[in-house]
Structure formats: structure tokens, C-alpha cells
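Please find the structures below.
Paired with subunit B in one complex and with subunit C in the other, subunit A is shared by the two complexes that follow.
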Partner chain A sequence: MSEVIFGSKIMQLLIAFILVSTFMILGSTRLYSCVRSFGIQSFLLACVAGIVAYSTGKNDIFIVALLTLIIKSAVIPYIFIYIIREIKVKREVELYVNISPSIIIGGILVVISYYLIRSISIISELSSLALSASVSLVSIGLFIMISRKKALMQMLGILIMENGLFLGAISLTNGMPLLVELGIFFDVLIGVLIMGILIFRINKTFESIDTDMLKTLIG
Partner chain B sequence: MIEYLLIAPILIGILCFFARSKKEVEAISLTGSITTLVIGLTLVENVYRQGVIISWTNALFADAFSAFIVLIVSIVGFVASIYSIGYMGHEFKHGIMDFRKLKIYYVLFHIFMFTMLLVGVTNNLGLWIAIEMTTLVSALLMILYTKKSSVEAAWKYMIICTVGITFALFGTILTYYAAVKILGETGDALNWTSLIAVAGQFDPTIMKLAFIFILIGYGTKAGLAPMHTWLPDAHSEAPTPVSALLSGVLLNCAMYGIIRFYTIATKSTGPDFTGNLLIIFGLLSLGVAVPFIILQEDYKRMLAYSSVEHMGIIALGIGFGGVYGIFGAVLHMFNHAMTKSLMFFGAGNVLLKYETKEIGKVSGIVKSMPATGAMLLIGGLAITGSPPFSIFLSEFTILSAGFLQGNIISSVLFLLFMIMIFAGFFNNLAKMTFGTSGIIPGEVSRWTLGAMAILLVFVIVLGVYIPPFFYEMIMKVVAVVR
Partner chain C sequence: MIIQLIFQIFLIIAIAPLLSGIIKKVKSFFQIRKGPGILQPYHDLLKLIKKDSVVSENASWIFHAAPIISFAAVLAAGLLIPIYITQLPLGFAGDLIAVIYLFALARFFTALASLDAGSSFGGMGGSREMFIAALVEPALMLSIFAVALNVGSTNLGFISQTVAGMGLDAMSPYQILAFVALFIIALAETGRIPVDNPATHLELTMIHEAMILEYSGRQLAIVELGAMIKQLLVFSLLANIFFPWGIASQGAGASALVLALLIFMIKILVIGISMAVVETSTAKWRLFRLPELLSISLMLSFLALVSFIIVKGG
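On to the complex of A and B.
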């Protein structure tokens, strides 16, 4: 069932756009535009879930799509913007790895993900596209976490990974049972709030949110 | 029954929030944790008598293994709440914590208890949600201190564990995918009870992949090397009663997640694949702990690395498999929880008295605090695996399982690491406990000693005698895991 849905043209287009939005995050140096790209990515994800819900006619997935739309593409970006405004940081990303190598590495990660998923071949050709996009999102999220200095970007990296897993879950099995999905949304939202609190605390104690400062505990 | 166990700590947390004085909040917290303990023990008894309990439309359930986790959480939680009164009271008296923070501490403490109990009793493999919740709450507990190091530790903890847990979620999704192929897309397809019945028919390729992700994911949270890097920071920077809960109980909860998936995965992939992975990660954890324990300068960090070591031992026990291996591992979970909490409590007393975490600056604990010193020494002997204490028994069982199953090289390595850790740990502990101290003798608080004494009973008694009902309980857990 899920193969047919994910084979459709519109779905493949959406998945391609999700990847593009990830590269927009990789390629931008302004915090605001990173957050905006993340919002777009989540919106596209909500569309994917919406289409799956429409084709399968399952109410559970409609709820999930709606929650994605509200929480991930509106509430969470808003929290980000609130934090950026409140702590008055310099609004640049500050990188360990520059933009152009970042994008190249991102491209390599996508290629590796595609080959990886093909080689495992646990699912058919059609929905393997979505699954490899999901693995790419997870690995690029991880890469963003380690290549950007600001604590905010690490938070964003985790959320990109989570988006990737969401795409994976929905392409493999049409989403997890509703109770589990609701639990995951709850955890993500609370997680973002608590990470926000931590970022405020880091800013207060270290007078900066560069994770360079957080290197005293070793051994 | 299970609902009460979950509602109780939340209610207590809320009540703590409305307390108006230090005495009041302490009284609520203590009666609350006694209530949780009583409900927990009743649940354990019910499970022991009737077998599996299911409630709340299949979402909550308790079998022998869940009951065992509930037992550990509620006992250590109860003892830690006694200890908190002494420890946090001391911090309060010296102005490190104001009343507002003290109150928040107790609120979070009980919510933390709730999340850990939830890990034990979710029927769903969405156990993931509960484990992520434990991270969130305990990170908040860590930043109660405004020191730079605490904030740094909390951030690292939060980030590394969340990423780890994300991998575990991927493993969970893959398991669900394997299950859906057999069971169809029902809400039950992630339920532990329905999974275990058909686990043998799952696609082994998917389950192998899923188990690797689960092991890396929950392994991060359980402090298995090489994903353990957050652990020493977090465990040494948290308030001491919380350190005890993190080391003694929370690591076990993460281990519980791994073992649950181990059971499912093994049914489809066969014991060699899962077992060998666990043995590799177990030995790696033991090996990594050795140099860090020997050369350690901070005693709370030393205890944290010792937790890495013990999680490695539990992983080894499960990896060796067979009745002996799993029996040893399960018993070790309990023994480690008790002994490590005892050690952290002792270390907390030392920290309050000497106001330093450096091993080199502490000496003569036996003279300055005779009771704490004596209990630390016994605990130290126990945690390094000397007879006749409880940990010796479980480690010996695991070791003999290793030889019995023919894992000679791993068993010899295990023994070798144990000897080195014993030497290193005891060398550091002896430096601290013996010698002269320039500090006026006197214990910190009677509450802290009482808490330690309760744990000491478990450490000593279980070393020489395992009561028949406890033995039978563990055998039931072994039957669930195998």
C-alpha cells in the first residue's frame, strides 16, 4: 500500500523538496533563515503525512499530519525565534566547517544514504526513495550538530534528525500507532522547551551560546 | 494497580509544589516516597503471585521483569528521598539552595520517579517515550546548581542522550515494520505482549539492523562505551541523591530497554548475533573504565566510571546468555543499584564535609566521619567485587556463565579488567578513607546515615543469602528474558 502512495509523482516531488530544504539549512549563515527552512521542511513533512492520510483514509494519520503542521512548522520555529530574540546573540551561525564543504559533505551523505538503503533492500524500489531521504536527513542533522558552534544549531540538528525519522516511519509503515506518535510529539515539544531553558542558562552562565566554552569536563 | 503506581509520584510532585516551608516539603516528599514504595511492593507481590498484569486498555502492563525494575526504582527512590532530606537540608542551611529551588528539587525528584516507573510498566515499545522523558527531567535536576560545570554537563547529557535515543527510535520503527508485516497495521503491533508471540517469524535482516540501532541508542543512555562520554560529567555534576538515582536506577532502565529488544531480536536472529554484540560492547565498557578509574582525580567521576564498568558487566552477562548468564545479569542489576547508590551517598557526605571532589584533597574519612567511612569501605569492597558481598555473587555467576558457554577469551579478559579495576579503585578509596584529616570530626546528618544503612543491609545480606522468594522472582525474570 505505502509503496503505491510513495511512488506517486507528487510524493516524490515533496520528498525532493524536503531534501532541498535541508540543504537550505546547510547553506545559510543566518540563524533566522535556518529556522525558516526548518519550518518549510516540517510543512512539507506535514503535506507528506496529509497525502498518506488521504490515500489510506486513516483518521490517525490526519491527526499526526495536523500535529506536525501545528507543532513542528509553527510552534517550534516560534520558540526558536523567541530564544534568538531574547538572548540577543549575533545572528550568524558560526561554523566549524565552512558553507561550501558543508554542502559537498551533505551531498555525499545523501548519496551514501541512497546506496545504503538500496543495498539493504528491505523494501521495494518505490518507497525506498522516501526511506533513503529519511536516512539522509538523519545523517545531515547529525552533521549539522557537529559542524556548527551555536547551541541553537545543535538543537536544530536534533529536530532535523527527528524529522528524518518521522519520514522514515511514515514511509515504512504509514506511521506508528497513534499513542506512540502522540508520545513522540509530546517528548519533542517538551524537549525543545527544556533545551531552550538550558540555552538561556548557558547564555547566562557563559555569556555566550558557543559550545566552544563547554569543554572543561574531561577525563 | 499500575495506574496508582504512576499517579502517586505525580500527585506528590504537585503537592510538593504547594508546600510552604522546608519541613512541609520534606514531610510530603518522604510520605510520598513511602506511598510509592508500598504501591510498588504490592505490585511486585501481585505480579509474583498472579503473573502478568495488564491495565489501561493494554497500554500498561507488568510482567516479572517490569516488576523487577519497579522494585529497584521504588527501593532506591525511597532511600534517595530519605537521603535528600539530609543532603539538600545541608545545602539549604549553607545557602547554596534557596527555598524555591529546594521545592523545585522535590517536585522534579518525584516526576523523575514517575518517568522511571513508566519505563518499567509501558507495554508498548514506545518505551522510547518514557526513556526520553527521563532525560528531560533529569537534565532539569542537573541545572539546579548554577555552576558552569553543571550547565555544561547538563547540555552534553541532553544533546548526546537525545541523539542516542533518536537512533533507538529508528530501531523501534524498524521493529514495528517487521511486526506489521506479520501482525498487520493494528495499534497492538508495537505491544510487547503481541510482539513476543510472533517474534520468531520476523525478518532477520531487519531485526539485525533494528537491534544494532537499539543497542547504540539505548546503549548511549545506559552508558556503554564508546557512547558513555556524557556519563561521568552528568553523574558527577548532579546533586548527589540524583547521582545515585542516575547511576543506580536510570542506567538499569536503559538496560531494561536493551534487554527487552534483545529478547525479541534473538528470537528471529538467533543468540549468536545479539549475544556477540553485547559481549563486544560489554568488554569495551570494562576496558574503557580501567584507565579512567586508576588515574581518576575526582571521586564522583570515579564512581561514574565504575557505573560504566558495571553496565558493561550486565551487558556481558546477557551476552553470555544461558540461564546462568541472564540470572547473573539480572541479579547484578539489583546489586549494582544498591551498592552504587550506597557509594554515591557516602561520596555525597564526603563532598558536604570536605567541600571538594578531588581525591588528593580528601584524607582520613574514617577519623572525621567514622560511620560514613566504614560504610564507604564496605561499599568499596562490595563494588569492586570482593567476597562476601552481593556483587561478588552476581559477578561470579556471570563469569562462570562465560566459561560454561565457552567464551573463554572474553571471560579471561573480564577477569583481568576486574582485577585492575579492583586495584585502582581501592587504591583511590584507601587514600581517601585512611590517613589523617585536618577536619573536625562529626557526621553531616543522621538522615544520610540512615539511608546508607538501609542500602548496606541489602549489600551484606544478599552476599551470603538469597531468600527463596527473591531467587524465584529472578528465575521468573530469566524465563521472560530467554
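On to the complex of A and C.
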């Protein structure tokens, strides 16, 4: 069954575009365009879920796709933009690793995750594209968390990792039980809210959301 | 065969100025100006050809030879790129690697001539051009190789024939990633706005204009025409490798050839208009931010190769 879905051309295209949107996040220097790329990525993910739902005929995956569309590609980007506007942060992404090296590191991570996936022989050849894309999303999200200074980008990195896990789950199992998915969505939403409040607190205490400043002691 | 060869050369020379005229017109439409007519490049070239050229005292023979060598190199590349038929007159003589290095030869001699006259602007333009060339070349190669791997040949005529035969099946992830990569490269190769501004002589931004600042009269006409032809060739590379549908294959009749010619014109027009849209909607980038843009292009073509290997099971 999963060969039929993931072998189709449109699935391959969507997964390739998800990878491209991840590189758009890696390559942009503005917070707004990072958030916009994340919204596009989530929209593509919702399309993937929609196609899986359509071809398996399971109704609960339609609900998952709809939730992805609403929560990840509309509500969470809105929360991001709200935070950016409220704390009047400078719009540039500050980096430890420059743009072009980080793009190249992203490419290396894609290759590494492809080789990792290839050593697992239980999966079919065609769904390996989805699985290696998901592993590379997780590793690139981790890399973004490490290499960006702003606390907002750490939040975005963990959401990219979550998107990667979602892609992996849906490509391996054709959709987890609805209850599990609902729990994950609730977790993600609450996580974003808590992280947003945390960023407000960091901004209030340190007058900046640069994570470098967290090392200094405030009396 | 000989007739086709001569016809292709004349076709390239004849429609290259028209293409830049159309791009200028579209750009001025977006900027709410009237702009020059689309035949203006022809008038400019004719005017320049009638004039004598003024040459610096310090210039050596390289200054005189460079325009002719670059023009010949670009025109020779035109014989290796499918324009409206896949059966190329000189297809046996070289493949895409030859095309890339013919472009590199043209660029090398233009940069050399810019240093030769000894003006400071020329040297600056030459160094900037080589800086961009070093970034563009690997990305250009990788992106076409991603398609060549899929087809199994590096002959450009064969590639476009095979892709045309595949129909909508050709729309695979690697094809589209490579297309986006090559589109960014085409912006850099033809000196369009995020990389170079073709419309100004402002010393802070110009690259190609700075290199040819010392040329005048007939020599300038040859250099300008060479640049226009190169632009046409890069666009037809984009059109005929990724969207070759409608191209005439071997042994097509006269009516099929005319149809293929018309379709080619439309494709080039669409690419030219989209270039003009990109050019009006973006600002010129700082020179030292260009490696970011070109490394995105390099990484996209790299992703195209990787996803080809993943999907096809390397």
C-alpha cells in the first residue's frame, strides 16, 4: 500500500518542496521570511497528509491534515509574528554560523541522513525518500537550534524537528491513531505558547532575546 | 545539414537583440514608463557599427582580439545548444561540458581585455566577474548533470529529445530542483538584477558594464551583440532542457519545423518576461552577499542529484 502512495510523482514533488522550504529557512536572514517559509513547509506537510488520507481512505487522517493546516500553517506563524511585533525585536536573524556555510552543512546533513536510512533495509525503496527527508528535517532543525542566537529561532528549530517527525510517522505508518495525533498537536500548541511566554520573560529580564546573554548573571 | 547550420547561426543573431528589447520594454511597463521600442537594440547596434572605435594607447593586441574571440566562442556554443531542432548540426562535436567551457572562454577573454586597457574600472569589473564566475560554474554543471544523469547522456540535443519524449513523466523532484537552480544561475550569467544591473553605469554596482567600459564603436557593437546572444542561449538552455515539449525531432517536415520555431519563440518570451518580473521585484544585492544566493543555487542542484540517487536507488 505504501509503495502506491509514496511512489507517486506528486508525493515525491511535495517532499522535495518540503526540503526546499527547509533550505529557505536556513538561507534567509529575516525573521519574517523564516516564519513564512515555516508556514509554507507546514502547508506542504498538510498536503502530504491529505494525499495519504485520500489514497488510504481513512477519515481520521483528513482531520489530521486539516489540523496541520490550521494549527501549523496559520496559528503558529501568527503567534510568531505576534511575538516579533510585541517585543519589537530587530528583524535580522543573528548567527553563529554564516549563511553559506550553514546551507552547505544542511546539504551534508541531507546526505548523512540518506545514508543512515539506506542502512535500514526494512523499508521499501520508494518511501525512503520520505523517511530520509524526515530525518534530514530533524537534523536541520537541530542545527538551526544550535547555530542561531535568537530564542525565537530555537523555537522555530524545534518546530521544524516536529514537522520532520510528523513526516516520518505518516510515511511509515500511514497515519497514527487519531488520539495520538491530537495529543501531539495539543502538545505542540501548548509548547509554542509556553515558549512564547518564556521569550517574553527573557526579553523582560535581559532586554534582549539573544541566548548569548543568558550566561550573564543578573542580580 | 549545412543549411541548418547557417540558419541556426542567423536565427540566433537575428532574434537575440529582439529578446533584450522585449525585456527592456516589459521592465519599463512595470516601472510605469514608456521605455524604448522593442527594436531599439537593432538601431543601437547599427549606429555603433557605423562608428570608429577609440582605443587606449596602452592597449595591446589582446584588446582587439578579445571581442572577436568571445563572440566566436559564444556563437560556437550556439551550435551545440538545441534551439528548435534536437538534431544539432554540430552535436557530434561537443556536449554540455563544451558549452560551459565555451562560455568560460568568452568570459576569460572579456576579463583579460578589461585588464589590458589599464583603467581602474576595467580591473574592478574583471575581478568581480571572475569572482562570480567561480561561484556560478560548479552550480551550472551540477544542475545540468542532474538532468543528464536522468537521461543517461551529456549531449544536449539528446537530453531535450528524451525529456520531450517522456511527457509529463519528466516532472520529477530532481528536474524541478535543477530548474530552480539553473534559473538562479541564469540571472547571474546574463547579468540580471540581484547580481548585476544591466541598466546603469554606477561604479559601485556595475560588473559587465565596467569590463567593457573601454570599448567603443564597432568593437562595442560586437561585445554587446555577444552578450545578447549569450543571454538568448542561456534562456534556450533553460527552455529546451527542462521544457522541451514542441521541439522538432529528427527528420521533421517543414510545417513541423515552423511550428517548433514558433513554440521556441513563445518559450523564450515567457522566460524573458519572468526574468523581467524577477528583476523589477528584487533589489540589487550587495556584492559580498552574492555567495549566499549562489550557494543556495549550488545546494539546490546538489539536492537534485541526491534526490535522484534516493529515488532511483543508487
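Methods note: the second predicted complex is superposed on the first by the 215 of 219 C-alpha atoms of A that agree within 3 Å, B and C clash if a C-alpha of one lies under 4 Å from a C-alpha of the other, contacts with A are read in each partner's own complex, and residues count from 1 in each chain.
Just so we're on the same page, a residue touches a chain if its C-beta (ideal position, glycine included) is under 8 Å from a C-beta of that chain, and two chains touch if they have at least 3 such contacts.
Remember, predicted model here, so these are calculated numbers, not experimental data.
On the superposed subunit A, the positions of subunit B and subunit C stay apart, so the two partners fit side by side. When both complexes are overlaid on chain A, the residue A:180 reaches subunit B alone and has no touch with subunit C.
Of the two partner chains, subunit B is the only one touched by A:217; subunit C is not. Once the two complexes are laid over each other on the shared chain, residue contacts for A:162 go to subunit B alone; subunit C is not touched.
A simple residue count on subunit A separates subunit B from subunit C, and the partner touching more is B.
By the document's definition of touching, of the two partners only subunit C reaches A:129; subunit B does not. Of the two partner chains, neither subunit B nor subunit C is touched by A:71. Aligning both complexes on chain A leaves subunit B and subunit C separated at their closest CA atoms by 21 Å. Touching subunit B in their complex are the following residues of subunit A: 120, 122, 138, 142, 145, 151, 154, 158, 161-162, 165, 168-169, 172-174, 176-180, 183-184, 186-187, 190-191, 194-195, 197-198, 201-202, 204-206, 211, 213-217, 219. Here subunit A touches subunit C in the complex through residues 9, 12-13, 15-17, 19-20, 23, 27, 99-100, 103-104, 106-107, 110-111, 114, 125-126, 128-129, 132, going by the rule given at the top. Taken together, the subunit B residues at the contact with subunit A in this complex read 59, 124-126, 128-129, 132-133, 136, 139-140, 143, 146-149, 151-156, 158-159, 162-163, 166, 169-170, 172-174, 176-177, 180, 185-187, 189-190, 203, 205-206, 209, 232-233, 237, 292, 295-297, 301.
The touching residues of subunit C, when paired with subunit A in their complex, are 169, 171-174, 176-177, 180, 291-292, 295-296, 299-300, 302-303, 306-307, 309-311, 313.
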